[in-house]
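Labels run A, B, C and D following the written order; every chain starts at residue 1.
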Amino acid sequence: MTLILAALVVWAIGWGLNIWISHQKPGRWQSIVSAIIFGITLVIMWELIVRGSGISPVILPPPSMIINAFATSTDILAADFIQTFMKGVLTGYAMGCAAAFLTALAIDRSDFLKRGLLPIGNFVAALPIIGMAPILVMWFGFDWHSKAAVVVIMIFFPILINTVQGLDAADKMQKDLMRTYAASYWQSLFKLRLPAAAPFIFNGLKIASTLALIGAIVAEFFGSPIVGMGFRISTGAGRLELDLVWAEIVVAAVAGSAFYGIVALIERKATFWHPSQRK
Amino acid sequence: MDDIVIKAENLCLTFETNDGPVHALKDVDLTIDKGEFVSFIGPSGCGKTTFLRVLADLETPTGGTVCVNGMTPREARRKRAYGFVFQAAGLYPWRTISGNIKLPLEIMGIPRAEQKQLVEEVLDLVHLSGFENKFPWQLSGGMQQRASIARALAFHADILLMDEPFGALDEIVRDHLNEQLLELWAKTNKTIGFVTHSIPEAVYLSTKIVVMSPRPGRVTEVIESTLPKERPLDIRESPEFLDLAHRVREGLRAGHEDDA
Amino acid sequence: MNIVKTGLLSGALALGGFAAHAADDVTLQLKWVTQAQFAGYYVALENGYYDDEGLNVEIKAGGPDVAPSQVIAGGGADVVVDWMPSALSAREKGLALVNIAQPFKSSGMMLTCRRDAGIETTADFAGETLGVWFYGNEFPFLSWMAHLGLSTDGGDDGVTVLKQGFNVDPILQGQAACVSTMTYNEYWQIIDAGLTPEELIVFKYQDQGVATLEDGLYVLEENLSDPEFVDRMTRFVRASMAGWKWAEENPDAAAAIVIEYDETGAQTIEHQTRMMGEIAKLTAGSNGTLDEADYQRTVDSLLAGGDDPVITAAPEGAFTHIITDAALN
Amino acid sequence: MDVSQLLFGVIVSTVLLISSLIIAAFAVLWLSGTGYLGVKVLAAAVLGVLIFSGVNAFLVKSWTWWKESKIRPLPDKKLFSFVAILYVVTVIFALWYAFAIVLNKNWAYDKATRGGYELSFSELVADTWSQKKPRLPTPDQVAGEIWKSTGTAAAKKWERTEGDPFLERISEVLGDKRNLIRHAWLTLSATMLGFVFGTGLGILLAVGIVHNRAMDNSVMPWVITSQTIPILALAPMIIVVLNAVGLSGLIPKAVISAYLSFFPVVVGMVKGLRSPDSMQLDQMRTWFASKAQIFWKLRLPASVPYLFTSLKIGVAASLVGAIVGELTISQDGGLGARMLQGNYYGATLIIWAALIVAAALAAVLVSSVGLAERVTKKRMGFVQ
């Protein structure tokens, strides 16, 4: 009981601190510090509530156990990370992006294809593609190839649609200007339309970056070698190694956030001129 | 004197920016009497809009005092002492014209029946009767701006503050609206503060023209108009008008010279 | 509409039933989806054996991501069906599960291999890829491999382990030389897919001397100090075993009952009837009482796990005869 | 539309159909050798795209010729779009049949080798298009399976309940566990419940974030992080935890579905609630409007277009969530449970049938939100 009260006190302190911070002079540090305080508050409350209410660690382990598992099984976590992220996700991401981008360029050249493929692409993008995971595991085998395949089909349509939309983003006046210069298709593509499309393309890439890791992990639930983040998560729960499972979830969350962050960072550098990137 | 509606003394406003302080207003003294039509004119950055915003309590001055109807701007705002017309019509696309005009009335908690009557009244005033149920985008730009003036008038504030309300409109529509604004002013006898960067517009409309200059924003000259209250459009070709316009231009130039 | 109506009806019935008999609630968590593997419990429910004992039993089907031990730890069930290796492993992790009855005498687990992959004996496993289930089912396999002295990290002198999905695709498509199967289930999927028994070679864990005890009933140790709970479990086990014995004798009818309870509607009567026939062979040797020799063999097999044994020390108090003694004698 | 336009449409479609069949046949012949499957699929895709572009270029050329010849009036844009979609759909189906041959041929050959007979090409095609457990079932097989598990199943149940009162028979048919309609309904109800939870939570969070700087600073980054956690990993734990507090059935599925759908709503609503510009906010200030008045009269109505955009993404995410939940809580039925069971028994037809029904469900859900969007926007005067 006292532990739960302590949790409430921690919450009050953390929140009070954040309110105080929000009244300070605004700056970049503010949101970062606030977010960290909020996260730490949650973690401490988790620890206190789990211990205070006697929740069994095989249901929800306290953070201290997770940190401990993290520290003692770095080799396992690293092997899983390489298998799932480096092999499955990155390969699939690269292939999916390239395929979607090239398809978008092909479609862009013809009004006919655009009219035919875009409605279908929009439709497919809304489908629960994750249901294809068991089928792709069946087709491409148990190793990372099938995970990469799942990643490819999951990210293909979001990127395709965004890129095609982006290629239409240059306004009419700018296109007319290119016409007055008698620019060729490729010149106008590289000098005008691709830069104008960049914000859209990056939007697609960002969506894809979160989808990719989830897709790969889900695919591992349907069959995998005995290494990988999805493998560890699904089998760990069965062995009641919940601390390891949560450590793996933390790795997934950090990797996913970092992946997203890197794409966002590249976007900021590449499309600094876009209104959304300006302060 | 009871007739003083707006009084500013030693008004200063400084914005802190990364490149150092910017003096938007410095030592501005100004008195506006009831029923006056005052134009503020000057190059961009001279503080004319800022001054209007201070009156409306949208900016807080860093020095000096300002009174609106004998109250602080904040109290005046709370008492809804003025209507404010922005540069763009700013009508809500999801409300009809009458819905847009009702908006401030709803916010002020005026009873429904009265709202309806007020809306009819002001729509008539700006010659928009019959357009109650149209959406803003179904109206021309000039009509939208008239609707936004109607919205500012709807709650019978004594003061009307207008920040370049016709700046985005073409010359012909503008002339027309100017004429109607004068007519409205004559009918309602409101005190009007009007920001513009057009010399003919300022001269044509005002009883008093406040010429301002930038860096720091200050009043360089206050010109009392000698034009009669009744002003047909062709008054703009009269020698009196041209003389006033010349004085305003000179005033602006003077302000510019000591800047350089 | 219909669902709402049925829900209300059954809710009213449950309430009414509770009021009339003041029946004791028991929640049973199964290890896997609704199928003939659990026929005894469904038969006891359908034929009213539980009602006769004054019990109001709710059977929760499991699935690939449901660990019965986790469910019981979370208070989601009073008693669970689990395999002994995973129960003992949970016990060592601090979740004190106790076996109260053992309806399955023999193990139905086996490794099924294609002859054309060049496998005739266990000695041929080295260098091959083998499909294994996880989620608690990998323990018997790991201890068998340790027994054979094969590492499971891949390489030429060890075996490459594949986390098998829930079907037999790897062997059909040649991705693995052998896959894990149950005598009553997956083996027949291979046969149904078109491979003949002659083309296959099976290694039963039972024959290899590494059999571990499968479907048993487990409860939390702390509950056993409560006489009321013990009484409730005694009645539950008695009724369940009656269900099992009826199912053994009436396999066709038992399979039909199972089909009725399958919420997903994916089971076929042909498959379930055949499964019931195979299940009957596994339950035949047991009246519900745990055979201590079987228990000892399971423990030994799990302890002999080489470098990374499933359990590190012989467990204490992992089973009890109190309930079966009271229920069956 | 005059006759000449229709004629043009028919000619184009025929040309497309023939060209697509050629692609299919060619792909099969070219790929009938052996080798690594992934490579072949990739090669087939490249080949398909090449031929596809070639035919396309030809069509565009003839289209231009048609346009410039001015012999007949230009077919209208709608027809053009329709033909285009028809073309793409036809090609997809052709490729589907082609891939069915490619993917299923190993098993056909395997059977032939074991049975000791030779397969001719036509026998191969016949076999690959009609296997009981194919790696890739053909569209007609999937359609057949869907019909079998809806229409035929209903008819069977109808016959079996002969003699019962009429209404009872209807409810028996609809509640039949073997009927895919019931499973679709289960998934739909979990999706809707989760969607309502998620949307509510998303809007509340967005309101908090817009009005409270502390929340904006501290919660928003974690909202983004929450979406990088693989939900399928959490699903079993969510279920166990909720089970422990006595919640089972629809609720855990709805919780997972809400977890996925609240994110787009938060992001869209924050954007929408912040969409009024400073002029509009100043205007509100001049009227001395309270925070609540600004919210109800300005921010909320201004956010409606953003809300609907998010809802369309959110409802699709909800469906994914419900299906993911059902993969874990498979004992309660639902489309996800069907997929899992299909996988468990290697019954690919069941998986595909469930997938296609799920796709149809997604289409219905997204287009319903789209319809609601159009109606609302029209009534609110957003549409011009």
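Some notes on this structure:
The rule is short, and it goes like this: contacts are C-beta pairs under 8 Å (C-beta built on N, C-alpha and C of every residue); 3 or more make two chains touch, one makes a residue touch a chain.
Small disclaimer: the values here were computed from a predicted structure and weren't measured.
The chain pair A-D and the chain pair B-D differ in C-beta contact count, and the higher one is A-D. Computed centre separation for the pair chain B/chain C is 83 angstrom, with centres defined by C-alpha atoms. For the pair chain A and chain D, the distance between C-alpha centroids works out to 20 Å. Averaging Cα coordinates per chain places chain B and chain D 55 Å apart. Distance between chain A and chain C, defined via averaged C-alpha coordinates, is recorded as 38 Å. Residues of chain C in contact with at least two other chains: 64-65, 67, 70, 74, 165, 169, 173.
For chain A, residues touching at least two other chains, in rising order: 59, 134, 138, 221-222, 234, 237. Touching two or more other chains at once is no residue of chain B. Taken pair by pair, the chains that touch are A-C, A-D, B-D, C-D.
Listed in rising order, the residues of chain C touching chain D in the complex are 1-3, 5-6, 33-34, 60-67, 70-71, 74-76, 165-169, 172-173, 189, 193-194, 196, 199, 262-266, 271. Chain D makes touch with chain B in their complex at residues 279-280, 282-289, 293, 297-298, 301-302, 304, 380-382, 384.
Those residues of chain C lying in contact with chain A across their complex are 64-65, 67, 69-70, 73-74, 86, 89-90, 93-95, 134-138, 152, 160-165, 169-170, 173, 175.
Those residues of chain A that touch chain D in the shared complex are 15, 18-19, 21-23, 30-31, 33-35, 37-39, 42, 59-60, 103, 106, 110, 112-117, 119-120, 123, 126-128, 130-132, 134-135, 138-140, 145, 149, 210, 213-214, 217-218, 221-222, 229-230, 233-234, 237, 242, 245, 248-249, 252-253, 255-257, 259-260.
Touching chain A in their complex are the following residues of chain D: 37-38, 41, 49, 53, 56-57, 59-60, 63, 80-81, 84-89, 92, 103, 135-136, 212-214, 216-222, 224-225, 227-234, 236-237, 240-241, 244, 312, 316, 319-320, 323-324, 327, 336, 339, 343, 348, 351-352, 354-355, 358-359, 362-363, 366.
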